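Here chain A shows up in two complexes: once beside chain B, once beside chain C.
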Partner chain A sequence: MKKRLLKKSGIAELVAKLAKRAGVFAPVDNEGNTLFQKVIDANSIAKQYVNSKDAPKGFFFPHSETLMRYKRTDKGMELEDDQVAQTKRILFGVRPCDARSFELLDLLFNQEKYSDTYFVSKRENTTVIVNACVEPISKNCFCTSLGLSPTGSAGADILMLDLGEEIFVEFITPKGEALLDCFGDMEPSATIDVQAVRERAATLVDASVPCREIKTTLDNIYEHPLWESIAQKCLACGTCTYLCPTCHCFDISDEVKGDDGARIRNWDSCMFPLFTKETSGHNPRSTQKARWRQRTMHKFKYFVDNFNEVLCVGCGRCVAYCPVNIDIREVVKSVAKI
Partner chain B sequence: MGNDYTPIPVEIAKITTEVDTKDIKTFRFAFVNKADEEKFQYRPGQFGELSIFGKGESPIGIASSPTQKGFVEFTVQKAGVVTSALHAMEEGMRMGIRGPLGNSWPIEELQGKNVVIVGGGFAFTTLRSLINYVIDDANRKNFGKVTVVYGARNPGLLLYKDELKTWAERGDINLNVTVDKGDASWKGREGFVPTVCKEVAPSPENAVALICGPPIMIRFTLPVFFDLKFSKENIITSLEARMKCGIGKCGRCNVGSKYICKDGPVFTFAELSKLSPEY
Partner chain C sequence: MESILRKTAKELLEGKKVDVVVGYTQGSVPLTMSPVFITNPDDAERLVFNALCSQNLAKYVHDVISQNRAAQKRLKPEERKKKVVGVVARGCTTRSLVLNLQEKQYTRDEIFIIGVPCAGYVDQKKLSAAVGGTEILDGSLTGGKVTVKTPAGEKSLVLAELLADNCLVCAYNNPIISDITIGEPAKPMNSANEFKKVEDFAALPLEERWSYFAKEMEKCIRCCACRNICPSCYCPECFAEQSMPQWVGVGADATDTQVFQLMRLFHMAGRCVDCGSCVSVCPMGVDLRMFLKKLDKDALDLFDARTGINEKDLPAFSVFKEREKNEEFLFEP
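Our next item is the complex of A and B:
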């Protein structure tokens, strides 16, 4: 694996070089929130951030996306355009948990039968540069509970690790290596102890949530009072699912103006009562209890049944932003106690 | 790479109003591009997303049989936005189909078996596809006895009336059409589907039962088949759920870890008994 050492003072030059290759998107401080935005120079990139508020899954699976356009003809509305824009992008400063979420979403969207061309082509056109979590690490983070590492390279094309004065850079994939020349030519000396930094970072993260272990319990508790007790507080606002880097549910709708129309897909949420409501009025998940059960089961059982992976990366966003403080870690721990 | 969200362009070749209440129509579509017709290889029990730009899409079971060439048919009840828009369309107009989607009736496993087909209301559509497939000249010899129980609330609500007549004239189907309540001109059977199944009493010997209908019909029909000693493995149904993508991505149509759109809609009751009872 190719490696480089980059002086912190060299970041401005690096970002300028990257921006010549493709649009660069990085976490930016925006009125109190850290959000992924297009950057032209390194100055606008957030200096200190735990993670962006918005999960970068949105670069591949946008909140709202036009799938196709159509036009009125004398035989009805007919297709005009269903092409996916092929724009090259670089995501700079993705956290390891979020990069891992891309791999999980790949499992769903990029299957042999039925691959989602909108998701897949954006993935192919994007290079992911991960900024490993050394510090600060939030009390809400629990990636290690999922067998991940705050300095892990799952889903990364390039991994950057902050050593204080310098940044240690690893080129994980050929796509990452294609940007090697932007990172200068200083190779790290063998004496640099990256391992120690990695091990220390891992100790800062909560590894006590039995996210993978609860599967066998979930197999048997479709009916259980726990679901009602979690759901009682829930407002069905959907915040947890919208911020989640792994939630992938969506709706498709049509919008027409005059003779032109578009078919659009928007994020949807299993927390919403109408999500499963049929035209007849029948709703297989008619209570918030059933919907919370779905959210838990989908992440920690169904996705494991289908892909042998848990559909959570321990980013802690749902924990941090739930308006009524429902904590997925507590849910998992409660299941484990059953 | 193909785009699984792009509908295949079709033209409405023929519209048949099926029922007296006029809210169920069969739409026959012809493919605008010949190549699409070749590609649209389907099996009885599969469905398509009928797509009307500007309105949306609805998952609808394929009512024609793959043995019928040159077109594909869907029987649609007027319900909400998309199906109402469809009912307002005329022959010659263009729209789209995505599909074929989902698994299908297990036609390979049915070979050499006695096939018992039970349908109620307008859920009969994909069973009609299966019947036409089974009785096709080239296929009939591959299947054993064919028993059909089909019921509607009243004679006016029976689908495919002409076809029912031709099936009745064939010697190789035991066809039992019933209505909950007949009218002055009705000379056929009266009675609910479960009751008729009990009377017809198909043997479980080397047999598979395929049952589709409103939930209440299924609820009362299942015990009849269990009493007849059909096993859960040999009772098969087709499920519905609200759908959008139809290809296992949008996350809304799951029962447990299975997506009805992709892993279903056809399941045996043995399979369903292992999944979350969420449908």
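Our next item is the complex of A and C:
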């Protein structure tokens, strides 16, 4: 694996070089929210952030996306693919949990039999540069509970480890290596002990949430009073699922004006009353209880059944931002106690 | 005060005077309290009440009662059992309960009000701003101080400076009605300038007002947390979710969001108690209060109406007085 050492003072030059290759998107402070936005120089990148408020999944699976347009003409329907040629992008400063979420989304959107071109083409055109959490401070993070590491490279093309004065850079994939020249030519000396940094970081994150151990319990508690007790105070706002890097439910609808129409795909959320509501008016998940069960089951059982992975990366966004403090860690722990 | 609250709740549950007590409990995130439903008398220990309790719990009272009724829809009337909901209620919460009663959402014997005096609650956005948006690792509330631990060290903040805007000008911070009151009545807040902000805003030229509205609506992601926490928003099916006809589109068009919010706002005329819950749960920091407060002011100026301050009143839009003040506004809006 190729490695580089970059002086902190060299970041400005690095970002400038990257910006010449492709659009660079990084966490930016925006009126109190840290959001992924396009940057042209390193100054606008947030100096200190636990993580962005919005998960970077939106770069591959946008909140609202036109899939195609159609027009009624005398000769019949004219269809038009709305896929504009994909531009190259670099995501700079993604956290390891979010990079891992890209791999989980790949499992669904990029299967051998079914591949979602909208998602896949954006993934292919994007290079992911991860900023490892060498100093994880948030009490809401629990990536280690998922068997992940706060300095892990899953889903990353390039991994950066902040060592204080310098940044230790690892080039994980060929896509990452293609940007090698932007990172200068200083090779790290063999005496730098990144392993110690990694091990220390891992001990700072809460590893006690039994996310991977509850699947067999979930197999047997489709009917259980627990679901009602979780759902009772839920506002059905979907904040948890919209901010979640792994949630990926969508709803397709047509917007038609006169002879012109567009088919759009919007994020959906199992927390919404309209989720899975059928045309007849019937909804198999008509209560918040049923919807919260779906959220838990999808993450910790169905996705495991289908892909052998848990659909959570422990980023803690849903924990931090739920307006009524429904805490998925507590939910998982309650299930484990059954 | 908390010990009396817990004791009261425990006794109510043990004596089967109530089926459930809706209150607040310690949250899992630093400096947050969370709504809780207590049915087991022993769990009454979990109840808390302090300046970090933000949500108006009247919404949950309505939820529990309407869900209980829905579950018994197919039973003969004489077989149906009422559920009595105990609720920890501060001034604004009781105003919502009064409104719900006036609007015949439930009857007085279905609720048991545990009134608590209130000195306002902490606006989490102000709290976050006070520590420069950095991560809050831990914190505590003592007297008039909030101590916050951040990666940069410990900081002591003045509680009074962190209170939500609506609390700062609240004129009804003691329960309007209650079955039992806990603690001494709270000192009044400073409500003299209650409408100052809206008056200033209303004096701006139309274009500026509209662009402010449009800018705020641009932030909105239509999660509907504002509507869902609101005790006055209890329609079983909101127009925003109707699909036949579809009143508002589901895509990213700015006008859809504006229409959604305009409709909701107007449904709040004479029905908003200014509890600030919608603002506190909004994940995007949309300034809904500016517009709600204007409607509040209009209800007062035009109809002499204040939401939920008197059980005997009728809601502003349920009465027609022949000599309504400024009634020409109906004809020349």
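By our rule, the second predicted complex is superposed on the first by the 329 of 338 C-alpha atoms of A that agree within 3 Å, B and C clash if a C-alpha of one lies under 4 Å from a C-alpha of the other, contacts with A are read in each partner's own complex, and residues count from 1 in each chain.
Methods note: a contact is a pair of C-beta atoms (placed from the backbone, for glycine too) under 8 Å apart; a residue touches a chain by one contact, two chains touch by 3 or more.
Computed from a predicted structure; not experimentally measured.
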So, on chain A, is it clash or fit between chain B and chain C? fit
Tell me which partner A:Leu79 touches in the superposition: chain B (first), chain C (second), both or neither. first
Angle at chain A between chain B and chain C, C-alpha centres, nearest 10 degrees: 90
Using the touch definition from the top, say if A:Phe275 reaches chain B (first), chain C (second), both or neither. first
First (chain B), second (chain C), both or neither touched by A:Val324: second
Contact-wise, after the overlay, does A:Ile137 reach chain B, chain C, both or neither (first, second, both, neither)? second
Which partner does A:Asp254 contact after superposing on A: first (chain B), second (chain C), both, neither? first
Once chain A of both complexes is superposed, is A:Met68 in touch with chain B (first), chain C (second), both, or neither? first
Identify the partner contact of A:Met297: answer first if only chain B is touched, second if only chain C is, both if each is, neither if none is. first
One more residue to check, A:Ser115. First (chain B), second (chain C), both or neither? first
Taking the superposition on A as described, I'd like to know which of chain B and chain C A:Tyr242 touches: first, second, both or neither. second
Chain C versus chain B - closest C-alpha approach in the superposed model, Å: 8
Which chain A residues lie in the overlap of the chain B contact set and the chain C contact set? 251, 253
The chain A residues in contact with chain C across the complex are 29, 31-34, 48, 50, 63-64, 137-140, 229, 232-233, 235-239, 242-243, 251, 253, 255, 264, 266, 273-274, 319-321, 323-327, 329-330
Across the complex, what residues on chain C touch chain A? 27-30, 32-37, 55, 60, 63, 125, 128-129, 133-135, 137-138, 151, 221, 223-225, 228-229, 241, 249-252, 280-283, 285
Residues of chain A touching chain B in the complex: 67-68, 70, 73, 75-79, 82, 84, 108-109, 111, 114-118, 120-121, 222, 248-254, 256, 261, 263, 268, 270, 275-280, 284-285, 290, 294, 297-298, 301-303, 305-306
Contact footprint of chain A on chain B as seen in their complex: 1-7, 9, 11, 52-57, 79-80, 83, 89, 92-96, 240-242, 244-245, 247-257, 262, 276-279
